[in-house]
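Please find the structures below.
Next come two complexes built around chain A: one with chain B, the other with chain C.
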Partner chain A sequence: MTDATLDTGGERRASHGSLTAQDERTKRRNRAEARFKAYGIAAISAGLFFLCVLLVSIITNGLTAFQQTFIEVEVFLDPEVLDKNGNRDPDDLRKVSTFGYNPLINQAVFDKINSFDLDSPIEDPKQMRNLVSASAAATLRDSVLEDPELIGQTLTYQLLASSRVDGYLKGRVSRESIAEDKNITVEDLDLVDQMVEAGIIAKSFNWSFITGADASESRPEQAGIGVSMLGSLFMMFVVLALSLPIGVAASIYLEEFAPQNRFTDFIEVNISNLAAVPSIVFGILGLAVFIQFMHLPQSAPLVGGLVLTLMTLPTIIISTRASLKAVPPSIRDAALGVGASKMQSVFHHVLPLAMPGILTGTIIGLAQALGETAPLLLIGMVGYIATNYPEGVASGFMDPNSAIPAQIYQWATRADPAFYERAWGGIIILLVFLMTMNIIAILLRRRFERRW
Partner chain B sequence: MSAFWLVTIALGLAILGFVVGRGRALSHAGGDSRDLHSLPNYYGWNVALTSLVPALGILVLWALVQPLVINNSISGNIPDTLVPEGSTLSLVMSDVRRVADGLDLAVAEGALSAEDAQSMRTEFTNVRDRLAEVGVALGSNVTAGTLAAAQDYRSATYTGNILRTFFVLGAALAGFAYAFMSTHKELRARNLVEAGVKVLLVTAASIAILTTIGIILSLIFNTVQFFRIYPASEFFLSLTWSPSFGGGSELGIWPLLWGTLYISLIALAVAVPIGLFAAVYLSEYASPSVRAFAKPLLEVLAGIPTIVYGLFALLTVGPLLLSVFGRDGVGIMQAGTAVMTAGLVMGMMLIPFVSSLSDDIINAVPQAMRDGSYGLGATKSETIKQVILPAALPGIVGAVLLAASRAIGETMIVVLGAGAAARLSLNPFDAMTTVTAKIVSQLTGDADFASPEALVAFALGMTLFIITLGLNVLALYIVRKYREQYE
Partner chain C sequence: MYDTPELDRTVTRNELKFACKNVQVFYGDTHAIKDVDVELEDKTVTAFIGPSGCGKSTFLRCLNRMNDTIDICRVEGDILLDDVDIYDKRVDPVQLRAKVGMVFQKPNPFPKSIYDNVAYGPRIHGLAKNKAELDDVVERALRRGAIWDEVKDRLDAPGTGLSGGQQQRLCIARAVATEPEVLLMDEPCSALDPIATAQVEELIDELRANFSVVIVTHSMQQAARVSQKTAFFHLGNLVEFGETGQIFTNPTDERTESYITGRIG
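What follows is the complex of A and B.
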């Protein structure tokens, strides 16, 4: 700047007519200033804009997963078909597969349509299978096996509509998009329109998405995230039970006891490096050590929990050390002064005071672990269809299961676009969990944080 | 006895030990705790820890050592004639283990009696069919040698488990007895317990080292195995990536590295300017209320799991870009999954990473330097450009390097958003793939872990580990070396 004044000094001074009017150079500098500030505002707005787009697309795409289309029909449970021997023997009943139930459902829907006098070119009751989910027969069969006395009665069922019908009501499927589709025809959709008006088909809240199990590739309308939620829950148990004590113990050693030597330095370097290792590498570690070497069961929440523990430990150690450091030395000195040993001063005084900070850090570490997907792919928590609820606590840890993010990944890679809606819905559930955990962490910090 | 029951028994013993140890110390002192060397609870803890910790330590060590020992002894017994042409010993061993696991399952489900499982001969029984009955699918028929090895494997595991039960319970009981007998009122129980606790603390801190060792060993071990069956020169020099599980695959790393770098470059091109300007604005211009509002909101972007970004790339950004650059628009994009899709979304994810790191660094520049610059008549932007940013530059470079290492190691966004084709292309709207995405695709599914197509994932992991580690170390080095030290 000194150069500039030197070069053009005389000329500039001459152009200074008045102090109240800005000269060219000042104007230029002010413009540059305004421009620079505008860049900053643009950058912030861009960041916030991305956040908004992300959240809006999650919510608009995902909310529909919480609604599902049902068809209300009266099904006559024909004894001729379901129980030919007429003795209601459970073994005989079990022999009738879901194929036996399908005609009953198709007939029931067909009769229902005729009873409403809807105008449709469809003559064949069989074509009703386009409207009803393939899982409806299983629902019916289960209820009959549970109570054989139902046979012979006419009962009202809320049956799942097929995924194409569901998609049509939600605007995902249109008359143009089904041109190549073998699973539904334009006549079917015309019929669906009339059925909606007659109140036979309606959307209602989809509890089974939240509590249910994943379903096979061909029936997206039935898929739910409940079982993989349990898988995530069991994994979080493992992570909490291992990473909290180990993380706290490691931090106490490093912060309170460790002498200044090579070994301590080595540990610290390791921890800071592990915090930056890509999560997929932890997946490789889990695969090689826990599954190939130790032969722990593949896809088990126990293994997933172990891998995630190793991954979250650095996070927890770093935050725990920060909260131990925040406890003022006067507390330690006072404890030592009244005769406590070093160990007593740490465990009786420092640790309780640091606890809120430690818990906050642990919750944030758990939230990170809950959303992590990549390592779970390697230890086999995908490719497995989480259809069964674990039978107990032990099988919850050891039996194959999925996890929320792994389940979302799986839905995202399936061919049928109907699964995408489920994936977005799963993300809403995942984000609700993460938000809850983070809010708890913030509240904890607000409530217990002390300034010394 | 299963590990679960061993742990339960050891825990029960420890609780019992706490009660009786404390009681014994008190009764020695005639019920007056003032006569004791330590507080009464310390005597209880002493007994509890001495019986629990060695037992659990043995249990953990056993879990690590037993598979090693058994594997070595069994594979040592397998004659070379049993290893078929074109196969390796480790392949045969994985067969042996699969048969052994199958037999275990069959016994557990009651389809076989324990004696039958051990006396079974391939001449009399079709093992493959018997195991298929209980739901264990085997790829090929079981040879006599494999079955014999599997039976050896089972009996060795059985012996090992009995020995484990013996040693773990023995250690628990011995610790209990020793600590209990040595409890008297003069015992320095507090010192003993504190020394023990300190050992536990050191062990916990060493887990970080063990994890690193575990990562390095599992990478090196499998990478070496990979290079034994696949030439290293091809891996590092070939420009084609075309794995086929039937054999004859070309596994060159360059297309993957190129995809990784290209995507990371685009991500950084998005994240660095936005993140940096956001940090400058937040720390220099923004009023406290704007800062309190915008900073946490930006950081929300960092807290969102990567699977969410992956889905966003696949289902929102990809189709959006396709409608502009695809066949109906500019016509240079074939499908929604492309380098640009993944790069843009990854850039979004990295914004808060760059911005909060740079924000901290800019805030660390002392106020006196700003005041000096203002005093000389500089405007705010001139101060930032000519004083603050140069002072903060090493830290900012460090932050960018850390962001780059994050971008290179990122998995879910590229798995879902970048496509699967490995190609060397300059068009950012082409589908490409990355190191991380290929690690996932080579290791998921029913791949055979001994084939080069699966093992290559470990070599890729090793490459990834070295690159990210190098970037992190470099970032730390730059920050330390070039940081201006202010008073």
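What follows is the complex of A and C.
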């Protein structure tokens, strides 16, 4: 076939030396390879090291937020104080504020201590307020308003201990650190030691941290992340409902239908650029467009969701286009070849094959949006909601609310170190959410992945 | 010089399917097909041969407007299918492709079951009114694709799990399921081993009874074995078109002779 004859080189034959001894060149090459491997291993080790540091510090700092100190006391719900008229009328009961309940609680704790025959240096029941959370009265009042028949009975309550007592049991507060603290005294701590031994004060799992609402600066022991979880959930609904259809439709159009010209190139470049725009820019865009121009309510999950949708769209579009591109063109040819229209070939064949990639991209985009803080600060998604269900809990897309990362940010900026612990705890919850979403992404990928 | 099996070489004048006049194809500035005039008959196998890059596949893809999917491709001239210009504005390429089926170089079954692969075309064209009718259509197509006996017990198995040759016959079955009038085959055997190739060639010869088949091939033996008419393309030109026997034994053009004897290509 071919006219070329091979030049065999005749006598000229390079000497290659022994196969068992490496020559200088080979040694250099092997050294370079070993060096490169070492760089890689070093890089990965550094990454793993910091991952471990991150996890360990988050867990050691945050796990305590899931434990809370409670005081178990029997409170006599004195009708003389709570219902002077004696008619159990809810409106009358409502007039008694939490201040009315405080003496009952202080007396109950005082009596409890005396009944255990502890060596208490404290003579005045009023001093008990150092031990009990300011929220305890509210707990009592809520239970009375819910069931007025409780008045007159003596009931056992698990009341929240004050944040100083809680901190003392968790090691955050010590006798030295309270020198300047007006909220607790050394005598109080001595008493707490005895109460722990007597079993009156104990730590237990803190469900209200997961389900509860935020609390004011003065009572960190009551603060929970539940309401902002709800806010994040509402936002994720909005993001999913908007960004998935819009993103997938845009990518299908750009990838399968749009003509290749300067205009589509321009759009393509800009979508890639949008993915790199700092999130705070989206926040100020949301502020300008959704709140100032469209007059949507501030702090509402709807607005938060819209802003995060804008932020997530480029991620979803890029990943969807990549997975559409990865579908072999022979499948499109096959569909067109049997007389399917362009749209049929896309929706019957290309899209199902691209589905795992699209879902993974969407979930990763959602996870990114879930952890976003900066744009939420700008649109006021840091609503302070301190009342538990059913009153006051953000009930929908238009009511003010907060979000998990915004709540964590709020706690981190507060003065009381007890909030610091809760910020770490919030991060654990956020990470659990993110990990769950990533696991779902992996499972979906496995489930839908098909070979061709 | 070739062992041509004793096929039916007596060419009776069949009804004309495709009439192409002055076809020009451009890819951007590249003139890929120059002035091609060719007439393809019904119930005939026509082979397109020629060296790589000579435009035979491009021309084949013009016949069912698969080139429409390439943005920079431009087709000029007339391609008439049953006296209708298929590049007329009123012609819907989707309807055209239902009439002119295509089998590709690489077997490309959908990643679905064997049944769904074959049933897809009839479904989207509404060729079957109910499940039983669809079953019939699928069985007939698979029988025509000479693969029924191998897959009848596992119609739910994925089409991608078959061997290469079976996949290609499945693709042929899928193409004939929509009852096309013309079947275009773009190097259908290039990814197959000799045994599978023989099966597909046998199949092509059977398909001739019902369809007009156009096959692009790199193998001159294959062209000689399966076709009644042969067109030789070179550098975008249709050099010679005629009865297969005549092209291979007594070519009129020098280039054809050089090619079939292996001197160019």
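Note that the second predicted complex is superposed on the first by the 391 of 452 C-alpha atoms of A that agree within 3 Å, B and C clash if a C-alpha of one lies under 4 Å from a C-alpha of the other, contacts with A are read in each partner's own complex, and residues count from 1 in each chain.
In the analysis below, a residue touches a chain if its C-beta (ideal position, glycine included) is under 8 Å from a C-beta of that chain, and two chains touch if they have at least 3 such contacts.
Since this is a predicted model, take the numbers as computed values, not measurements.
Visitor: Touch check for A:Leu233: first (chain B), second (chain C), both, or neither?
Guide: So A:Leu233 meets neither chain B nor chain C here.
Visitor: Tell me which partner A:Phe36 touches in the superposition: chain B (first), chain C (second), both or neither.
Guide: The first partner, chain B, only.
Visitor: Please tell me which partner, chain B or chain C, touches more residues of chain A.
Guide: After superposition, B is the partner touching more of chain A.
Visitor: Please work out whether A:Ser279 is in contact with chain B alone, chain C alone, both, or neither, and reply first, second, both or neither.
Guide: first
Visitor: What is the contact status of A:Val96 with respect to chain B (first) and chain C (second): first, second, both, or neither?
Guide: In the superposition, A:Val96 contacts neither chain B nor chain C.
Visitor: Could you tell me if A:Ser341 is touching chain B, chain C, both of them or neither one (first, second, both, neither)?
Guide: both
Visitor: Classify the contacts of A:Ser330 with the two partner chains as first (chain B alone), second (chain C alone), both, or neither.
Guide: second
Visitor: If I apply the document's touch criterion, which positions on chain A are contacted by chain B in one structure and by chain C in the other?
Guide: 1, 341
Visitor: Help me check something: in the complex, which residues belonging to chain A touch chain C?
Guide: 1, 259-260, 328, 330-341, 344, 348-349, 353, 450-452
Visitor: Which residues of chain A touch chain B in their complex?
Guide: 1, 29-30, 32-33, 35-37, 39-44, 46-48, 50-51, 53-54, 57-58, 61, 245-247, 249-250, 252-254, 257-258, 266-267, 270-274, 276-282, 284-285, 287-289, 292-295, 310, 313-314, 317, 341-343, 367, 370-374, 377-378, 380, 382-383, 394, 405, 408-409, 412-413, 420, 423-424, 427, 430-431, 434, 438
Visitor: Within their complex, state which residues of chain C touch chain A.
Guide: Of all residues in chain C, those touching chain A are 64, 66, 69, 71, 94-95, 97-98, 101-104, 106, 108-111, 120-121, 124-125, 160, 171, 174-175, 177-178, 262.
Visitor: Would you mind writing out the residues of chain B in touch with chain A in their complex?
Guide: 4, 63-64, 67, 97, 101, 190, 194, 197-198, 200-209, 211-212, 214-215, 218-219, 221-222, 273-278, 280-282, 284-286, 294, 297-298, 300-301, 303-312, 314-316, 348, 351-352, 355, 376-382, 384-385, 402, 405-406, 408-412, 415-416, 436, 439-440, 443-445, 449, 457-458, 461, 464-465, 468-469, 472-473, 476
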